[in-house]
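Note sheet for the following structure.
Chain IDs A, B, C and D follow the sequence of writing; residue 1 opens each chain.
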Amino acid sequence: MKHFSLDLTNEGVALTAYLLDSSAEMPNANVRPAILIFPGGAYRVCSDREAEPIALAFLAEGYHAFVLRYSLNENAAFPRPLNDAEEAIERIREHSEEWGIDPDRVAACGFSAGGHLAAALGAMGRLRPNALILGYPCILESMGGILPAPIPDVSKAVDGRTPPTFLFHTYSDTLVPVGNSLAFASALERAKVPFEMHVFQNGVHGLSLAKASTSGGSKAMADADAAKWFGLGAAWLNNVFGDFPADREGSWDVEVEQFGVDVPLGVLWKNAECKRLVLERLPVLQESPQLDDAMGVPLRMVVEFGGGLLTNEQLDALDQALRTVPVKANKERRSEQS
Amino acid sequence: MKHFSLDLTNEGVALTAYLLDSSAEMPNANVRPAILIFPGGAYRVCSDREAEPIALAFLAEGYHAFVLRYSLNENAAFPRPLNDAEEAIERIREHSEEWGIDPDRVAACGFSAGGHLAAALGAMGRLRPNALILGYPCILESMGGILPAPIPDVSKAVDGRTPPTFLFHTYSDTLVPVGNSLAFASALERAKVPFEMHVFQNGVHGLSLAKASTSGGSKAMADADAAKWFGLGAAWLNNVFGDFPADREGSWDVEVEQFGVDVPLGVLWKNAECKRLVLERLPVLQESPQLDDAMGVPLRMVVEFGGGLLTNEQLDALDQALRTVPVKANKERRSEQS
Amino acid sequence: MKHFSLDLTNEGVALTAYLLDSSAEMPNANVRPAILIFPGGAYRVCSDREAEPIALAFLAEGYHAFVLRYSLNENAAFPRPLNDAEEAIERIREHSEEWGIDPDRVAACGFSAGGHLAAALGAMGRLRPNALILGYPCILESMGGILPAPIPDVSKAVDGRTPPTFLFHTYSDTLVPVGNSLAFASALERAKVPFEMHVFQNGVHGLSLAKASTSGGSKAMADADAAKWFGLGAAWLNNVFGDFPADREGSWDVEVEQFGVDVPLGVLWKNAECKRLVLERLPVLQESPQLDDAMGVPLRMVVEFGGGLLTNEQLDALDQALRTVPVKANKERRSEQS
Amino acid sequence: MKHFSLDLTNEGVALTAYLLDSSAEMPNANVRPAILIFPGGAYRVCSDREAEPIALAFLAEGYHAFVLRYSLNENAAFPRPLNDAEEAIERIREHSEEWGIDPDRVAACGFSAGGHLAAALGAMGRLRPNALILGYPCILESMGGILPAPIPDVSKAVDGRTPPTFLFHTYSDTLVPVGNSLAFASALERAKVPFEMHVFQNGVHGLSLAKASTSGGSKAMADADAAKWFGLGAAWLNNVFGDFPADREGSWDVEVEQFGVDVPLGVLWKNAECKRLVLERLPVLQESPQLDDAMGVPLRMVVEFGGGLLTNEQLDALDQALRTVPVKANKERRSEQS
């Protein structure tokens, strides 16, 4: 993982990145979707409870994650926080190749006041995210009464460019009433923007993941029912963005630096010369009913599983022979195939 | 998050740490349980698919996580890898205060050959982890046939000091047969060591989380049924270690740097002088039926929700008055309470 | 189970009952909550897909279930179907003692047009159910356009007597737009009626349980995401009604016809004379560290587990002695306790 | 639903049937898999807690269900209960056509002593079920010590004809130790019979569904973790037997008694004459981009949705015309197609 922070233009505004490692073993995850998180806190603070824990929940789903600490308090007047959000999206898309991000699969996720900011980015932003996840968001102008500066009613700004949206809220939220989410959902319906919404009956404002680990110790902040929102949201985002590709038959289509007996049989089989060398020494493989199963297994294990199909000397000799076969890079192989 | 690597004694052996941030908002998570992960790879490699993705899955549950890349190939002969594992546990416990770890809640989690190493640590280690999670582990001596060096049958080493264990395996695993896990489970039963075991009928060897994101692109490596193992394992570990405390009524028992009208009412209520100052200006609060609900809300919002209970000038004056009240640190308060 | 149908007043209207058996082994379920189901079908038919399968899903949760086949087609003009629904509720409450139903925990559940009828019962009914579950309901007057008769906009009728409500819908429903559920939810919020609502993005109209078994064979009618509605709804209803009591320590507080050695030890322990007789022959039990565990186990098994603590002759003699101890009925015992 | 009991040959032995209704709307469920349930109770009673509630859990999954009350106490000596079980399977298969059952998808499910009987049927039966589900089963000869008669060790009887098996148990079961399930699993592995096994660490003997509704009121009998067994078991059985077919595009391939304007458009489209009649009056449909979506919708609604594409008189005339088109039974249609 790479973990670092970038200062953005406005004073005190920072973008924190959590970038998962790529690996030759996971070629289907070299490019990943990303999520940009706006913690809540009434435009007065950015709550830690809605920052790193949310990032980790999405990292565990295979997303790169970013947390934006945006303009607050005397700097909270619109459009300054929105400009921060736009700049964050811009940076993420600019660095998408370097960071292994698909620039067309960048979601924004915000809570409470951060939900207002995410919704504003989605409905009014110069740049737009590709999906929105809004947790107990402030939507209506009336919420400005409890914030340091007036806010626009973002439900009124919803347009056809607003991305698909996932909303969750609790009916029992006395601080930001559920009517905020209902208003946004109605606006999405009118604009024919696809959405998903989960309103749980019970639960106070500010639940974050609603788990004990994010509760801060408060009983009211851990709720097994409302905690289902994350699984529902992750499934929804997966549907909107598409899951990681996992359609390859077998698991041996991997790039190796050098052939040899510690390489999976399937990899050797894809190279005509390697296959010939192996079958020459191990003609028994040709008719084995378990040949398919063995494809993901290093040749050395195949030999040992087979009850010592070769002596150590024979195995070493085969290893030497295979090592002399030139390896073609995947790129090269693919261009040949297409 | 803090993310760094430490070299251990043996050549090429490194311990990679993922340490979650602590926060004044989450005082119940200043000390966390930890998990030490041993990726699989036949004692020939440490598979990336069973390293960082597993760490992230546990980080999302609130655990600090560590990945050990242990002695391999010509260095794989026992007890060298076991010594690496013991050193890793030792380091984690030594730094537990610095890193915010409960030294009595350190689990070891391994897959395939890494499962053998985790099981060895649990059953034979000089130092023992406090719980074991074993994914399709090599247990039996016979598995040595496909490894670079002989291995001890760790089921034979199970003793009363072996910690509670979670096992999962698939019946269809042709590389490491399910009999390995059955043997370990039987040994645990004989030694009266509590365990949980989930054998799924379908699924190839090496599933990791069995999700598309960890599949490497292979169809066989994503399996919705077998993927249930992680949720089952996390619930089990939570039962064994106990969840984060979340038993406080309300959410206002937080340390603040200074009192004022932007501080939750409940925090002010805990300080006799602050409570007096507030009630002097807002006697209406005394009888309010919604007083309890308001405890988590900053006083400024309470005033505004109440329909402007104070003028801006009155609010500023109250703010000034509250700011003069000296704050006692939580430690101080707690020592007074006890 | 008892399974029968009752004809109601209006022609062609029938109430089908599914009543779970009560059992001395499950004294906590002698009185159960009930659910009254209104299948959908545009007030032209009552769809089988939304009748028995829904009843069974709730029966499996421990509810008694009823399906109402209400007035249709030329008889669909309001308030005739509403009168059918009111009569059904009345019958259920009248027979509540006979059928083992808690008359204050009767939910109404309807789909599409049946959702309209359930909502009407909840918002306008002479008699009201104690909870509502509405699946992709027709709510708005405009839906009358596709029905055999005009319908009232039931969102306008929502009042303070409307019970807590669970709604689910899909955004992609082109036949009954999601705006129907949004309108009902907004009305509930205004009337301060607690509700829960789940809008899934994908899924056609008429999903029923959204499982293959209720799909009728149509691919579009089985949807793993939307199928989550039932678990969410059952959990919600459980919260609203309260779960079956399960707070007794141990499991031996059961009524028996006669004492003897095949009765759980715990049952014998509750009777002073039985306890005396047992301890006389088995003084070893007094100090046994496993006495607690043994309480749910018949005495005969305790003796055998203990390695033959008594000979067969001694066991028979003890059995004879215990059989002579008079059994007090639970009612009698309870009146003594209180 | 049809609900009835049949007396079998041996005295006091009865087979209780729960048969789900078939429906023209669910042609993919005219033939269903079935489950035969053996409640536990130490071969002394058949526990109600492991009878009807288990039946209902499977009925909710779309299975027909049967409960066998088998030979007990002085009649419990083998092979008499096994003969009861064999007779039950025989009856179910004999009546499979009448009852709408697939005779090759009949599972046996037993608990504790009933788990012994189910396992015996699977491993030793003259007739065998097609899958086994065993809950905390007695397997070993040693369990005979707490039963009214000796029992055979059914793990020793496992052969290649034993069907795929699902086992669950709790480590904490002090009455029937988990070694019973481990022994059966090992025997299945040796015989190469596919299996799935879930051992939960916590939970007493006799959990049934481990839900409050089946707890009998005892706290120990409701356990959220162990309660996961049923979902795991139902998913497993679904994999073994295959789910209900749900692969039809659209939902209009249903048999109707008569054509007309209240019939889904898709049904009319499948009949060349109906399609001609409709297009003659509604040529606009031909080019409609929403034609596909409309296929599941009755023609009357299509006309109304379209904004009144026909007058009432025109609609009635079309209805009359369609009613004269002869309906071919599905069987007839299918034989034409093949």
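FYI, a residue touches a chain if its C-beta (ideal position, glycine included) is under 8 Å from a C-beta of that chain, and two chains touch if they have at least 3 such contacts.
Chain labels with UniProt names: A, B, C, D = Alpha/beta hydrolase.
Just so it is clear, the structure is predicted and the values come from calculations on it, not from any experiment.
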{"item": "Euclidean distance of C-alpha centroids - chain A vs chain B, Å", "value": "21"}
{"item": "Separation of mean Cα positions, chain D and chain A [Å, integer]", "value": "38"}
{"item": "Centre-of-Cα separation between chain C and chain A, whole angstrom", "value": "40"}
{"item": "Residues of chain A whose C-beta touches two or more other chains", "value": "none"}
{"item": "Arrangement of touching chains [line / ring / star / complete / other]", "value": "ring"}
{"item": "Those chain pairs that satisfy the touch definition", "value": "A-B, A-C, B-D, C-D"}
{"item": "Footprint of chain C on chain D - complex, ascending", "value": "1, 3, 18, 20-21, 23-29, 42, 44, 47-49, 52-53, 56-57, 59-62, 145-146, 174-175, 204-206, 211-222, 243-251, 253-254, 262, 293, 296-298, 300-301, 304-305"}
{"item": "Of all residues in chain C, those that touch chain A in their complex", "value": "164, 171-172, 177-179, 182, 185-186, 189, 194-202, 225, 228, 232, 235-236, 239-240"}
